[in-house]
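Below: one structure in structure tokens.
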Amino acid sequence: MNTIDPVILFFIFGAIAGMLRAELRLPRQVYEFVTILLLLTIGLKGGIELAKQPFSTLLPQIAVVVAIGGFILPLIIFPILRYLGRFKRADAASISAHYGSVSVGTFAVVLAYVSSLSVPFEEYMALFVVLLEIPAILVGIILARGVNKETKWGKVAQEVLLGRGITLLIGGLLIGWIAGADGLTSIKPMFFDLFNGILALFLLEMGLITATQLSTLKKHGPFLIVFGVVMPVFLALIGTLMGWSLGLSVGGTAILATLIASASYIAVPAAMRISVPEANPTLSLTASLGITFPFNILVGVPMYYTFAEKAHILFGG
Amino acid sequence: MNTIDPVILFFIFGAIAGMLRAELRLPRQVYEFVTILLLLTIGLKGGIELAKQPFSTLLPQIAVVVAIGGFILPLIIFPILRYLGRFKRADAASISAHYGSVSVGTFAVVLAYVSSLSVPFEEYMALFVVLLEIPAILVGIILARGVNKETKWGKVAQEVLLGRGITLLIGGLLIGWIAGADGLTSIKPMFFDLFNGILALFLLEMGLITATQLSTLKKHGPFLIVFGVVMPVFLALIGTLMGWSLGLSVGGTAILATLIASASYIAVPAAMRISVPEANPTLSLTASLGITFPFNILVGVPMYYTFAEKAHILFGG
Amino acid sequence: MNTIDPVILFFIFGAIAGMLRAELRLPRQVYEFVTILLLLTIGLKGGIELAKQPFSTLLPQIAVVVAIGGFILPLIIFPILRYLGRFKRADAASISAHYGSVSVGTFAVVLAYVSSLSVPFEEYMALFVVLLEIPAILVGIILARGVNKETKWGKVAQEVLLGRGITLLIGGLLIGWIAGADGLTSIKPMFFDLFNGILALFLLEMGLITATQLSTLKKHGPFLIVFGVVMPVFLALIGTLMGWSLGLSVGGTAILATLIASASYIAVPAAMRISVPEANPTLSLTASLGITFPFNILVGVPMYYTFAEKAHILFGG
Amino acid sequence: MTLSKQKIITIVTETRLESALCEDIEKLGGHGYTITDARGKGHRGVRDAVWAANANIRIEVVCEPEVAKNITEHLKKHYFDNYAMILFTGDVQVLRPDKF
Amino acid sequence: MTLSKQKIITIVTETRLESALCEDIEKLGGHGYTITDARGKGHRGVRDAVWAANANIRIEVVCEPEVAKNITEHLKKHYFDNYAMILFTGDVQVLRPDKF
Amino acid sequence: MTLSKQKIITIVTETRLESALCEDIEKLGGHGYTITDARGKGHRGVRDAVWAANANIRIEVVCEPEVAKNITEHLKKHYFDNYAMILFTGDVQVLRPDKF
């Protein structure tokens, strides 16, 4: 695939329209509809694959990915922000949580990308989206507060586990797992055939939203910009190594690398707003949504795919 | 079909998410969109079938179904509620109207169920949805008020006939009837191919709504729960007999039985709120939406299908 | 095609439901969603065709169509309204701008009509929708104000060029042009397969809106009614001649004629409201939306197709 | 620029009453109204607008004190017992008293 | 806790004026505003929000009396003649007067 | 018909606080509330509701002056520093004081 994927063109179109201040805005309800469909479909796809193999065989992979991706990485990112970036404790903690978690939108793009290449990959990857979304939030809260008695962990858990993203992904996973591929044929036209079109609309709106973030870029100095570009590449390299070590295919490695490289802009901001309210939300959103998200889908995804190819050539497998 | 239909899984998912108080909510406009599509499609399907046969041949069937289902049944239900359930006159009348009318959501589920079994059925059944929605409302108002001069029948008629549900069903019926199956090929991908997917989203939301009804269950004592489970089974038995006597196929009999067993939660509540405002809307909604709807789609539909099969074996035909 | 197109039936259904004051209303967000999809798809279709031929070959056609359709025609319409219709200067200018511009909804209908006939046509027609939307607005403002220094042309240009309609059409055109037909296969189910279904929903809502316009008809006397019917036929005749002279196919001629015959009811009202606020918006909307739009899609489209056929028989080509 | 005093009535009630209340307001002398979609909680429980049956509207009417009184009494008589509804009145200054 | 007095201006008008009015409010000294989507009826007929051309917005500005006066006069001069618009002013108490 | 005096508190803040604030209001003695979706601008910049993270709600509570004071102080203490929020109080007359 030499040409640029059309769904990416929708993102670019949205970003340009937003920068030109065109009167273009998906109604919020439509954006929510599109997001709900994406999350459900990603969950369903993952669930179908889960049904094909015993869950237990995945446990070692899961343990490694979650331990490194969700717990260790945010702990590495925090001091960089705190001492190199000179951010306040709360802000450094919050941004670490964003980058230790993952972005469903980026996942959808790499899924579309790898699918369009027609290379095989491990479809249960959707499971990792669910599993990687949560741990970094806990790490972020502890980084901000210490292991504080005052923190209402019950509320945090509820906020996170019962947030819309996780709920829909898990719901989709379970439905896909119970019904299996055959069971879902009757709803295929809606959830699978429309997937790329829905993704295009989602990215159009993401382009518009990203454009509004750009205005805050100037305020926050060059550190955030550099961080927003360098960090995902660094994370992708680690993700590539993880994927290769776990014996994933080239496609699966590229997806895992992208996932690790991505930063949350839905679940984590919501949780941080409630749990670490003194963290400035525009800092973390500017980085994750204004810089890393466009970087990842425009430049990162194909780059990380090359990483995955190289790793498999270099190290074998 | 041994496995549970995936659209039902969406209902269960919604109900569980709702009970766990997950932050999951289809935007109201999306729910309305999904409802509009369902109603139009059901109408279109019915209309296509109507075009295939002279309307007059259906007249006897229509007369029987409407007379029994719409007028006689609510008159039987009323004293049960009034004297056995000790409900106030207005409440007994209102609940009778709900159960004498029908539920489009339940109809869509039984349609998907029978279709998935690939057995033949009379597709003009959609016509009965339209015809059965209205009479029970009139009966309910008269039961509440007597044949009262003060009742603004003009307003009631307008409220009922020009309500959204009826309008869309009739519109769909007429368009399907005029255009015929061939005429509609150009809009098939939207209205027919997506039907099950749209139904899945509808049921997801219905699950969420049903869950919110459960909290009112405790308040209203065990009578309402028993009523909400026993009444549909009783109605389904009568519906099965009706279907068999009218010479419907097994599929058609199951659909008619389900229709008769279903209770309205859209058209009738709206009409009762305006015409019998002193009736407590949470009583009737708890019964029809909180108990009978989930019972019917989870347990009832396959049960009523067995009724239909048994009836055809027992009595022949 | 002898039978009436089903999408037109949706319009008629909406109009009747509206006149009966049925409680039927697409949520505004759904209407916007549907409009966005239509505009994007029309743009994409146009862009795909543009990719197939050098843009330069179209330049002469574009020059003629824009010069006549966008600049000369509104100048002819203005004196008719001012002196025959005795409208105020601002109102005559505003209505001229509406009829000198074009209607995307009408374009979608003629597209569906010509496609259903399976005759070939120049698909890049979508380009003309974009190009014809704008010039008449400028002419209208100048007719209302003269070449006035006070007019904030910057604001006007922004309002017009960055309005939603133009932005989405241009965005679609560019994406279609860059990606080409093959590049867009992954989003085909959403944007192309659903097109007629989406158009049906759009026309249902347009019917409802049109019905609300009818109530204003009485107030504005018979001139507006006559104008709203005669003007599009006159414009269609000119459009037919233009299409034939430019060497378009019969299908292309019919589309161009319809486009010229159509009157804007989205972009131009928005621009006039800001730039010529003293013009009464109900006058122009009553004409363009209440009379010309239904006339064109119910009667006009097949009539203009006959014009195109006759012209090609009469003059050859 | 002189501002004159008027009353503003705000009604929060069930969405389904929209058309009926609009008619009532006009009959009782209101020259206009503004409606927004709302949700909320009160004595009749949570009305969270998840679906139409459970949604509220918020209606505002700027009018003469006399009209405000009429509307209040009318609603009290016809709707308060059976519908989720609250109503409150405040003071506002308007530019063109003749408009209201 | 001391509350200080401020004015609140409420404007109901055509959706299309949103960006123009927001600019105006800021230029005239308003430090913030809140907007909700609305529908309604007035002298220019029913505006039922079925489509954008026919929808209203409701803008609230909490501000100093002086600013309220300026906004009122500005709107009266530039918009009242040609647009569906009403405007009314009320009294409110706020926590941090410096914010407004 | 006698009307009695009450206070109305209006809060404009981030959508995400909705459930937390509703709990708070009830704990502090509010007997009801009405919520509408909103967008706006203030000291924390434009909140244009394009997506959930950037949307506002507008909450109204009609209540006793005492309760109004409690709610105001509570919000001031717990939310004002870290959230986009404004709050203002006004006077209203209500029909049934016992309802509030």
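Lettered A, B, C, D, E and F in written order, each chain numbered from 1.
Assume contacts are C-beta pairs under 8 Å (C-beta built on N, C-alpha and C of every residue); 3 or more make two chains touch, one makes a residue touch a chain.
All figures in this text were calculated on a predicted structure; none of them were measured in a lab.
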Target subunit D, source subunit A, minimum contact steps:
2
Starting from the defined contact criterion, work out which chains touch subunit C and subunit D both, please.
B, E
In terms of CA centroids, furthest away from subunit B sits chain E
Report which of D-F and A-B is connected by more C-beta pairs in contact.
A-B
Given over half shared residue numbers means same and under half means different, the subunit D/subunit E interface is different
If chain centres are mean C-alpha positions, then the most distant from subunit C is chain F
For subunit A versus subunit C, what separation do you get between their C-alpha means, in angstrom?
42
From the mean C-alpha coordinate of subunit A to that of subunit F, what's the distance rounded to whole Å?
35
What whole-Å value do you get for the distance between subunit E and subunit F if each is reduced to the mean of its CA atoms?
19
Multi-partner residues of subunit D (each touching 2 or more other chains):
36-37, 90-91
Among the residues of subunit C, pick out those that touch two or more other chains and give their numbers.
27-30, 32-33, 189
Touching pairs among all chains present in the structure
A-B, A-C, A-F, B-C, B-D, C-E, D-E, D-F, E-F
Subunit B touches which residues of subunit C in the complex?
3-7, 9-10, 13, 17, 20-24, 26-30, 33, 112, 116, 189, 193-194, 196-198, 200-201
Which of the residues in subunit D come into contact with subunit E in the complex?
1, 3, 6, 8, 22, 26, 31-37, 62, 90-96, 99
Would you mind writing out the residues of subunit D in touch with subunit F in their complex?
10, 12, 36-43, 56, 58, 69, 72-73, 76, 80, 86-91
In the complex, go through subunit E and note every residue touching subunit C.
14, 16, 20, 45, 48-53, 55, 81-83
Per the touch rule above, subunit C residues touching subunit E in the complex are 25, 28, 31-32, 205, 208-209, 212, 266, 269-270, 273-274, 277-278, 281-282, 285
